[in-house]
Amino acid sequence: MTKLVTGVIQPHRLDDVKSALEAAGVRGMTVSEASGYGRQRGHTEVYRGAEYTVDLVPKVRIEVLVADEDTATVTAVLIKAAQTGKIGDGKVWVVPVEDVARVRTGEHGVDAL
Amino acid sequence: MDFALDTGNTAWMLTASALVLLMTPGLAFFYGGMVRGKSVLNMMMMSFGAMGVVGLIWVLWGYSATFGSDIGGFIGNPLDYFGLDGMTDDQSLMAAAGVPALVAVAFQATFAIITIALISGAIADRTKFSAWLIFAGIWVTIVYMPVAHWVWGGGLLGAEGITVDMGLSVPIDFAGGTVVHINAGIAGLALALILGKRKGFGKEPMRPHNLPFVMLGAALLWFGWFGFNAGSEFAADGVAGRAWLNTLIATCAAMLTWLLTERLRDGKATSLGAASGVVGGLVAITPAAAAVDTFGAIAIGAIAGSLCALAVGLKYRFGYDDSLDVVGVHLVGGLTGTILIGLFATDKNSTWYPEGAMNGLFYGGGLTQLATQVIAAVVVVVFSFIVTYVIGAILQATIGMRVSDGDEVGGIDLAQHGETAYEALGARVTMTEVKA
Amino acid sequence: MTKLVTGVIQPHRLDDVKSALEAAGVRGMTVSEASGYGRQRGHTEVYRGAEYTVDLVPKVRIEVLVADEDTATVTAVLIKAAQTGKIGDGKVWVVPVEDVARVRTGEHGVDAL
Amino acid sequence: MTKLVTGVIQPHRLDDVKSALEAAGVRGMTVSEASGYGRQRGHTEVYRGAEYTVDLVPKVRIEVLVADEDTATVTAVLIKAAQTGKIGDGKVWVVPVEDVARVRTGEHGVDAL
Amino acid sequence: MDFALDTGNTAWMLTASALVLLMTPGLAFFYGGMVRGKSVLNMMMMSFGAMGVVGLIWVLWGYSATFGSDIGGFIGNPLDYFGLDGMTDDQSLMAAAGVPALVAVAFQATFAIITIALISGAIADRTKFSAWLIFAGIWVTIVYMPVAHWVWGGGLLGAEGITVDMGLSVPIDFAGGTVVHINAGIAGLALALILGKRKGFGKEPMRPHNLPFVMLGAALLWFGWFGFNAGSEFAADGVAGRAWLNTLIATCAAMLTWLLTERLRDGKATSLGAASGVVGGLVAITPAAAAVDTFGAIAIGAIAGSLCALAVGLKYRFGYDDSLDVVGVHLVGGLTGTILIGLFATDKNSTWYPEGAMNGLFYGGGLTQLATQVIAAVVVVVFSFIVTYVIGAILQATIGMRVSDGDEVGGIDLAQHGETAYEALGARVTMTEVKA
Amino acid sequence: MDFALDTGNTAWMLTASALVLLMTPGLAFFYGGMVRGKSVLNMMMMSFGAMGVVGLIWVLWGYSATFGSDIGGFIGNPLDYFGLDGMTDDQSLMAAAGVPALVAVAFQATFAIITIALISGAIADRTKFSAWLIFAGIWVTIVYMPVAHWVWGGGLLGAEGITVDMGLSVPIDFAGGTVVHINAGIAGLALALILGKRKGFGKEPMRPHNLPFVMLGAALLWFGWFGFNAGSEFAADGVAGRAWLNTLIATCAAMLTWLLTERLRDGKATSLGAASGVVGGLVAITPAAAAVDTFGAIAIGAIAGSLCALAVGLKYRFGYDDSLDVVGVHLVGGLTGTILIGLFATDKNSTWYPEGAMNGLFYGGGLTQLATQVIAAVVVVVFSFIVTYVIGAILQATIGMRVSDGDEVGGIDLAQHGETAYEALGARVTMTEVKA
């Protein structure tokens, strides 16, 4: 069986995360743009005579389907590569997956990864 | 007057007219980039729509009501040159310079067009397109034409006008500080009050959706403004050169002082500030373009840039939603330039002002010209505000000027024009059937 | 343990939903753009001589990781704040999460929220 | 109970997938843009004197909430409609959903689909 | 002819040439904004590519084959001024106005360039870039040069041409209604038929990906068109003023009637409609620019705006994929303007038409000029359609004009130019190694 | 010299000045489209900021230090016309053509502005805005003014300059190949070396974020360049026509050869290549604009297009980060044009070069002019490189010219200007409280 590991990270860590995951044997992933709302906000600025608080900051979402046994490793690798130690570094979470298929061939299960 | 064609002056005025015409699409980008992505098309359509309506009205009765034979100092006779029928070159406003009549009509048309378009920035994101077109037609006729006639058509702010009657001087407005900018600025305020604030004003951020478009707009405005100011000489000569050069340097100064003001107050010099400083400087130098020398032009630009940068915040304090700062830039900039002429006007160094006008305070002319300038500005402010307010109130009470709340929140582009500006997955549609 | 509450809502409800969730104690969330396909479609329009049906309408996706015991509250708050009562208001769903980590510190579990 | 079927597919298959799902009785879905990293990469190109490898290619993500019993059908239909047989066709996966609600009415469960 | 330089006229023609040249990049935006985001670069490259190829051909043999000594009424002698070697100012097309020869070559070059570029809108999203460049070189030589010679170079649609032989009048085409717009419009139809429809035409939505770009394009076209029409007087005088002013007001009228037509038929007035109305009006007034007065110009614009708005839907009914409405706007608008001259031509109010031409029906000239205009239009339509179709068919059969289906679906920008227009996460790449 | 106003020439120079001014915002788009989306505003602000600083300096002491009375062949007297006070039309650089003094000041101002702005492309994405403004003010004064004085102000590269002393000829630089392009190109290299590479240079892809903006920029540059080159004749005559036409055809040729080079080497002809080819061709023809005939112009353009296309890859090989190819296009293009004059200069076919200069090798003039051109180029390269390097090094060591790594990675727009160019969900903010 498989898991879906999702990471929401700082955009400028994407390249390093990609490389680290590849080095850890991950052969595919899906990436998308997102906006984060969290402790990071609070920074205010004045623009054209009005004061603003930045609320949603740009993030990148990474989704990796992994075999059950690789979950912990992939999660750890992802966290390590994304970490800068500053507020706003993001979250990683793991969700159980009941079925995976490769569209090209139609095969199901761990082979489809 | 006998007419002798001067091909050089005519070449310049044909060019200048095209340059000024380009300013209105330039404004469409300046304004369009500043609104949110859901209302950019509507914003641009207000400028394009103004071109359509005002362009036609101008050749029908507009030129005539402005430059036709004077009726009581208030307006020109709209029938003199109705439809431009039978007009001859010796009747040209620019006949002395050897520029044919239709070229004069063309040049002046572009001024009327942009003046209306300027107003639209005060009522962004919430105005019915049809109501705007109707407003444009009424306003150009009963506000713009009288004021232009007063200042340039021999009316009550000219050489035989009220300031002269009061024992003062002749007002100086080389290229339209009162007629165009003060007029549009105060009209914008009146309309903003009539229409009320945008939903979420002062709470939701309404920052520019496309700042490169704002800069494109500022660039096209600046480019076209050389036609506006140097064209207002009606000739290709040294005075036009002075107007051209002042249009460069006042603008440079205003851009820099706007950026400096932002840097000191907010910590950062923004691109929106640069673009706005450009426009603020252009506005301020407009009435003074040929009437001040190098130092006067730099001073006017520098002062206007800083004043406008401070003024654009006022709407939050006083609670009127002058959405794109027509008041903060055009009214404040226009007043700055018009009044500072009273300090900096000079007849040296390739400058020019109308016969009967005088040097400013710093150039040995005393306070007379300053008082004259203030009176001219006040007259235009009062007249334009009242008449615009009345037009707006009547339209609001009858056909309604504002779109529904739902249309405003969902996006006026979609609601009024059935379009979104940019292709997006989220606006994907399927073609179902072909109609015709 | 934790859950992932996902809501697909009307874009103009985002500010209210954010405020409501914050008031309900949610301290972070991830937001992204999406397009919805549902009953809302059907509205047709004519453009330049051809007839179109709008198919996919803009939506906003909100993802909130919550502790098990807060799931019902968060879901209810989200629904309430997003509701306009009109077709196209969207969906909310809950998925079990097996692990959550904060990237900045590497801590796992409910503390990572 | 319900499942969430997620598909990451080639953008140009979206219209066909939408039609196929609709024909299979699916009445709603959520679509978003994503970028895929997988075997498809490797194609290199020269641009202005430098050599590049395309790394992340545009994909579309489709999410469909389905009743348990429809999961297999929907998955199969999605795969079939998205398939071109070429590398990069994408993945489909199924995640268990503990609760679904329709925002408009607040109703929960299969009726909310 | 002796040559006496007139710096004023020359100043205007240098300016007008630059204005017309800007129209082609303007067109690149007008067209580029209208296609989907995956083919905007290719669309723009068709305009830029046309500039490259036609610009060079024009100075080599193009000017000469158009304005060189007449060969049988059909074409000019391409060797007279080959490479412009030895040309002197008294040989200038504009010598009478005191404008040097090379300025005349320059002005005319910009006309040839934009005519080719206009055609590209009919075959958007699917044409091989290399085949387009080859087509451009052939078409300008064997279609544009003959037609321009007939109308402006003393050929068979001029003062000694076929309509005069038939006992009718001299055709009026002030700035290129037949040579440029009818010619490009019908050529677009021929190519659209040769290339076939885009994949998904009439099923998938293919709406503009960037409407502000469309409006930018329309604005730059309008701006440049003042050079196009008022420059076609070759002088800075009152007739140029008439052409300038008509270029303003016909366009205003067309924009408004296009918007009105949309509002009545579809419920909404769109920004694409405004931009298209602008272009439709400009096209229609082109042949008539100096030959009609204020009312004629407004009427021509108003009629063209509405007709073109209705015409752009025809492609769905008849099933040809004239992707960006070259037929609906340029052919229909060009025919409208060319034929309405037969009703509105007049010699009053600072107008001008060639010796031997006559007033239109509504201005007391009877039906002669109308018949003349129709014949000139028909001749160009027939010649251009047939020759363009043959060129297209030969290229299609030999090198192939259309990209593969996969390239079309995946995006012609990527396939033909290796680029995507806008930076996006989804197109992220990694730099691997440096080549040179 | 007595002054007799020529309205035609003045009309052209007023227009040309506006055209050249527009080039700098055009450059802002050319450069702005080429950087990543996170630094487009900063890129554009470097151009706008240069306008502000250089515009003011020019009217204070710049014009005077360039065209004032010669001091040792090195520079003009900055006090002669300080603030333009007391300047009269007979002192105009363009007095012989009947163009007033202030118009000459205006035209020259626009040249100084764009030269500084050009440099900014070499140091994209990483330069402190404040440091850039300071650099601009220093560089225009101690690099631009001397070089412009040498070439155009009667200094050491003019008719009484070093090449003549060496028994060679007078260097030909019609519109600024040495003063503007070689100068800016080599200065860009010096600054790129001082500032160092962008983070990720040569590893991360840094492809253009908005190619239509690049094409818009190229189009506005081309349009404005007609003013630049044909305006450099200071008159509306046949030589201006030659310059105009060469500005068209050399550019056409360069665009095509750039595309061909790409096609052969990389497999695809890109839109970035077309835009760059346009600029490369314009750069190369600048010094030669009126000094070569049709074939010479085409040859210069064709050679420059191909050479520049090859040169832009050199930065990867040699490891300097000339981010937007100021070296590859302006230095290489400027050198190409300047040197090829030595082969193609001719006095036939409406051309012009300064008295004392000679035909090129291919036109029977031998090698003298070629040697002269090389020397002029070398002098400018050496002087500009050294002085720019010193200015840069001092600024870097004192105030620092480069932003922090974090600001560079996070985006210089946000860090330096507090803005992002485009509205995005990810940059959503909440308005909290109103300040003023």
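Every chain is named by a letter (A, B, C, D, E and F) in the order it is written, and numbering of its residues begins at 1.
Quick note on the criterion: a residue touches a chain if its C-beta (ideal position, glycine included) is under 8 Å from a C-beta of that chain, and two chains touch if they have at least 3 such contacts.
Just so it is clear, the structure is predicted and the values come from calculations on it, not from any experiment.
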More than half overlap in residue numbers between the two sides of the chain A-chain D interface, or less? Answer same or different. different
From the options D-F, C-E or B-C, the pair that copies A-F, where over half of the contact pairs coincide: B-C
Taking each chain's centre as its mean C-alpha position, how far apart are chain B and chain E in Å? 33
Length of the line joining the C-alpha centres of chain D and chain E, rounded to whole Å: 46
For the pair chain A and chain E, the C-alpha centroid-to-centroid distance in angstrom is 52
Multi-chain contact residues (two or more partners), chain B: 6-9, 11-12, 15, 202, 204-205, 207, 210, 216, 265-268, 270, 272, 313-314, 316, 418-419, 425, 428-431, 434-436
Listed in rising order, chain C residues that touch 2 or more other chains are 15, 31-35, 45-47, 49-50, 52, 55-56, 59, 95-96
The chain A residues in contact with chain C across the complex are 3, 7-9, 32-39, 55-56, 59, 61, 71, 75, 79, 82-96
Per the touch rule above, chain B residues touching chain A in the complex are 202, 205, 207, 265-268, 270, 272-273, 312-316, 325
In their shared complex, chain F is touched by residues of chain E numbered 5-12, 14-15, 17-18, 21-22, 25-26, 28-29, 32, 40-41, 44-45, 48-49, 51-53, 55-56, 59-60, 83-87, 89, 100-103, 105-106, 109, 129, 210, 213, 216, 413, 416-419, 421-423, 428-431, 434-436
Residue set of chain E touching chain D in the complex reads 204, 409-410, 418-419, 424-436
Looking at the complex, which residues from chain E come into contact with chain B? 6-9, 11-12, 15, 19, 36-37, 202-205, 207-212, 215-216, 218-219, 222-223, 226-227, 230, 235-238, 240-242, 244-245, 248-249, 251-253, 255-256, 259, 266-272, 274-275, 278, 293-295, 298, 310, 313-314, 316-317, 349-350
